[in-house]
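The data blocks that follow each hold one structure.
Both of the next two complexes hold chain A, though its partner changes from chain B to chain C.
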Partner chain A sequence: MTLTIAQVSKQYRDVKVLDEISLTFEIGHIYGLLGRNGAGKSTLLNIINNRIFATSGTVVLDGQKVSDNEKALNHIFLMSEDNLYPDDLNILKLFKLTEHFYGSFDYEFAAHLVRAFKINTKTKFKKLSTGYRSIAKLIIALCVPADYIFLDEPVLGLDASHRDVFYKYLLDTFMKRPRAFIISTHLIEEITTIADEIVIIDQGAIMQSATTEQIKRSGVRVVGPEASVLAFTKEMTVMDQETLGGLTTIYVQNYPKNSIVPEDLTVSPLTLQDYFIHMTSKAGESNEI
Partner chain B sequence: MKFDFNSTKPLFQQVNDEIEAAILSGAFPEESQVPSTTEISKSFQINPATVLKGMNLLVDHDLLEKKRGIGMFVKTGAQAKVKTIRKDKFLHESVVTVVKQAQALGITEAELKELIERGYQQ
Partner chain C sequence: MTLTIAQVSKQYRDVKVLDEISLTFEIGHIYGLLGRNGAGKSTLLNIINNRIFATSGTVVLDGQKVSDNEKALNHIFLMSEDNLYPDDLNILKLFKLTEHFYGSFDYEFAAHLVRAFKINTKTKFKKLSTGYRSIAKLIIALCVPADYIFLDEPVLGLDASHRDVFYKYLLDTFMKRPRAFIISTHLIEEITTIADEIVIIDQGAIMQSATTEQIKRSGVRVVGPEASVLAFTKEMTVMDQETLGGLTTIYVQNYPKNSIVPEDLTVSPLTLQDYFIHMTSKAGESNEI
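Take a look at the complex of A and B:
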């Protein structure tokens, strides 16, 4: 099963929120969708899930257009920050409502999750704290029969222990029933090991889409005296630059393997989070602080 | 097992190294079953494909063997083999690095030798 997003754009009056986004999502992968605030992540997820319309472009699941196609949409689920649930219902009723819409619901797995998170299924949704609202929505997202599960800021308000529980159960259910999980999050470090594919969106466009490993191999930081750093990185793709007195740091993308490093320079690889920060930083942003 | 998620070493390589270390220490004895991909993936919150890649590296190096339908087992002679692999790495990587750093700091060969000898006596 393949979900293809082809040249999707979204325009609000004269503001282009999404600009020709093209992506494919395959079953059997966990995707990390990264982007700064306002990058267009939620808009994209809402379009894929038929909650809003694209100005142009298509979302196609195995050759079938997804928009207003109930059959195709049944394979896709979005857990978003917006509360679309009737908040007078208790959690158990929300499970039943989901079952009604999607045809089935994994009550057995839901029972495990309910125990692990110590949530009371008799509690009304509106009575839940922010963290527990996220938990209730997460349980639903992990138990729907859909094949494409989009999670928009899934761990919002969850404490460290609950996040730990969530990641473990996510991997557990992913291994038992391979699906595609697409996780949009600001907690980059936490998904570095979980996601095997990364998509970076910036200002409404895809900046990069690659495996987590490729990205981790691609970025380095070169530190040393300014003239030497500049000479060494002259032919390279520079993402960002910082200076501290005479010490210059240049962040490089697609670092050429086997480069011979001059003695006065140190080259060290970047974590995914550092890579993201320096790739999406606007010119000079880090130096203005 | 310990994984440094911010390390620049690829995660699958870390999976390989940690299992290697457990074989060397005897925590995973020869002919015994090692934890499954599922167990490792869940306990350490690592994508199962990454765990599998690391484990397959051990199969390629003849340290683990797959028994169909049961799981992965430590091969006979794996402990000695890990020792050889690590010894090789030490001689070819660690020693070279130490000599290079010594040279950069102007430490002579005689000085370095003396320091090593002293280390052995302690």
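Take a look at the complex of A and C:
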């Protein structure tokens, strides 16, 4: 089963929010969808899930257009930041509502998750804190029978222990019933431990799409005296540059393996979070004071 | 200037939310306030800031009781998760409102921050996304003339680049005008890079209060065959235990330096986040599947 996003664009009046996004999502992978606030991630997820229309482009599941196609849409589920649930229903009723729409619901696994997160299923959704709203929504997302599960900021407001529980159960259910999970998150270091594919969206376009391993190996920091750093990185892809206390740092993408490093320079790998920050820094504000 | 919290308790009907909390906050430190969702952090911050009353105990600033004492309260500021601002005001009007209450406001620094975060000061607060609401609130918190700045989940919804900008400006303003910052957050790894003191609250009580360095050195993971792990850690403070694929892991607090490790065991340091997760695991849900 393959979900193909082909040249999807979205325009609001003069503003191009998405610009010809093309992507393929396959069953059996966990995708980390990264991007700045305002990069267009939520718009893309809403288009894929038929909540808003694309200005142009298509979303196709195994040859079938997804928009307004109930059968295809039944394979897709979006846990979004918006609270679309009726406020007055308690959590158990939300499970039943989901079952009603998707035809089935994994109550056995839901019971495990309810115990693990210590959430009371008789609590009304509107009475929950930010963290527990996220928990209620992600329990539903993990128990729905769909094959493509999109999670938009699933860990918003969760404490570190709850995030740990979520990641463990996500991997557990993914092993038992392979699906595609597409997770949009600002907690970049944590997503690298569970996602095998990373998609970076910046200013409405795909900036990079690669395996987590490829991206982890891609970025380095070169530190040393300015002239020496500039000479060494002259032919490389420079993402960002900083100067602090007489030392210059240049952030390089696709660092050529086996480079011979001059003695006055240090080259060290970037965490994925640092890579992301420096890769998307052109887009906007200065990181310097 | 010293802010002393002495034996503060809070009871709601049968539930003891805070149980004799005693703490001292000094100017010139950045404190990380850690705790599970529901541990009592926000209740404590609301009591210190005179938004709710303690059932017993006192909050004292340099010998003066803080509760209902306008002069003392002028030294304290709380950025909370609750949106207490009038929805219809734009950000610039919120700056002016803050100036009105606190007597002054650092408009010059605010202008820097507005540019760094690329936020439009003419936008009404209610029109902002979760991330930008946090940004508006933290700009106010950094520009207010108070000496004790309490930040409750300041980076909720912020992307990684915005968090980076925030941490840099926080350290910058802290260097220029030393205050006490007390930051409650679920992003534990990130707080360890800026806080020099850590307070862990669990189930309404202080579980640990120490320097970041002390806590970083305190926790280890001992891995190996069950019998050998149990024998080695018998006299140690065990926080948590897991078994996976025939290997047992025991999480130890206050690991004795210079311990002689048997050949079939590995001992490795814990990140502060792992330390926190395993230290507070007794409180609640199982981390196991």
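As a convention for this text, the second predicted complex is superposed on the first by the 282 of 289 C-alpha atoms of A that agree within 3 Å, B and C clash if a C-alpha of one lies under 4 Å from a C-alpha of the other, contacts with A are read in each partner's own complex, and residues count from 1 in each chain.
Here is the rule we go by: a contact is a pair of C-beta atoms (placed from the backbone, for glycine too) under 8 Å apart; a residue touches a chain by one contact, two chains touch by 3 or more.
These figures come from a predicted structure and were not determined experimentally.
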{"item": "Contacts of A:L158 with chain B and chain C, given as first, second, both or neither", "value": "second"}
{"item": "First (chain B), second (chain C), both or neither touched by A:E189", "value": "both"}
{"item": "Touched partner set for A:E213, first chain B, second chain C, both or neither", "value": "first"}
{"item": "Which of chain B and chain C A:T271 touches, first, second, both or neither", "value": "first"}
{"item": "Partner chain in contact with A:Y102 - chain B first, chain C second, else both or neither", "value": "neither"}
{"item": "Contacts of A:K168 with chain B and chain C, given as first, second, both or neither", "value": "both"}
{"item": "In the superposition, chain B vs chain C on chain A residues touched", "value": "C"}
{"item": "Touching both chain B and chain C, residues of chain A", "value": "164, 168, 172, 189"}
{"item": "Contact footprint of chain A on chain B as seen in their complex", "value": "3, 5-6, 8, 10-12, 37-38, 41-50, 104"}
{"item": "Of chain A, residues touching chain B in the complex", "value": "30, 164, 167-168, 171-172, 174-175, 189, 192-196, 212-213, 216-217, 263, 268-271"}
{"item": "Complex contacts: residues of chain C adjacent to chain A", "value": "35-37, 81, 112, 115-118, 129-132, 153, 156-165, 168-169, 172, 186-189, 273, 276-277, 280-281, 284-287, 289"}
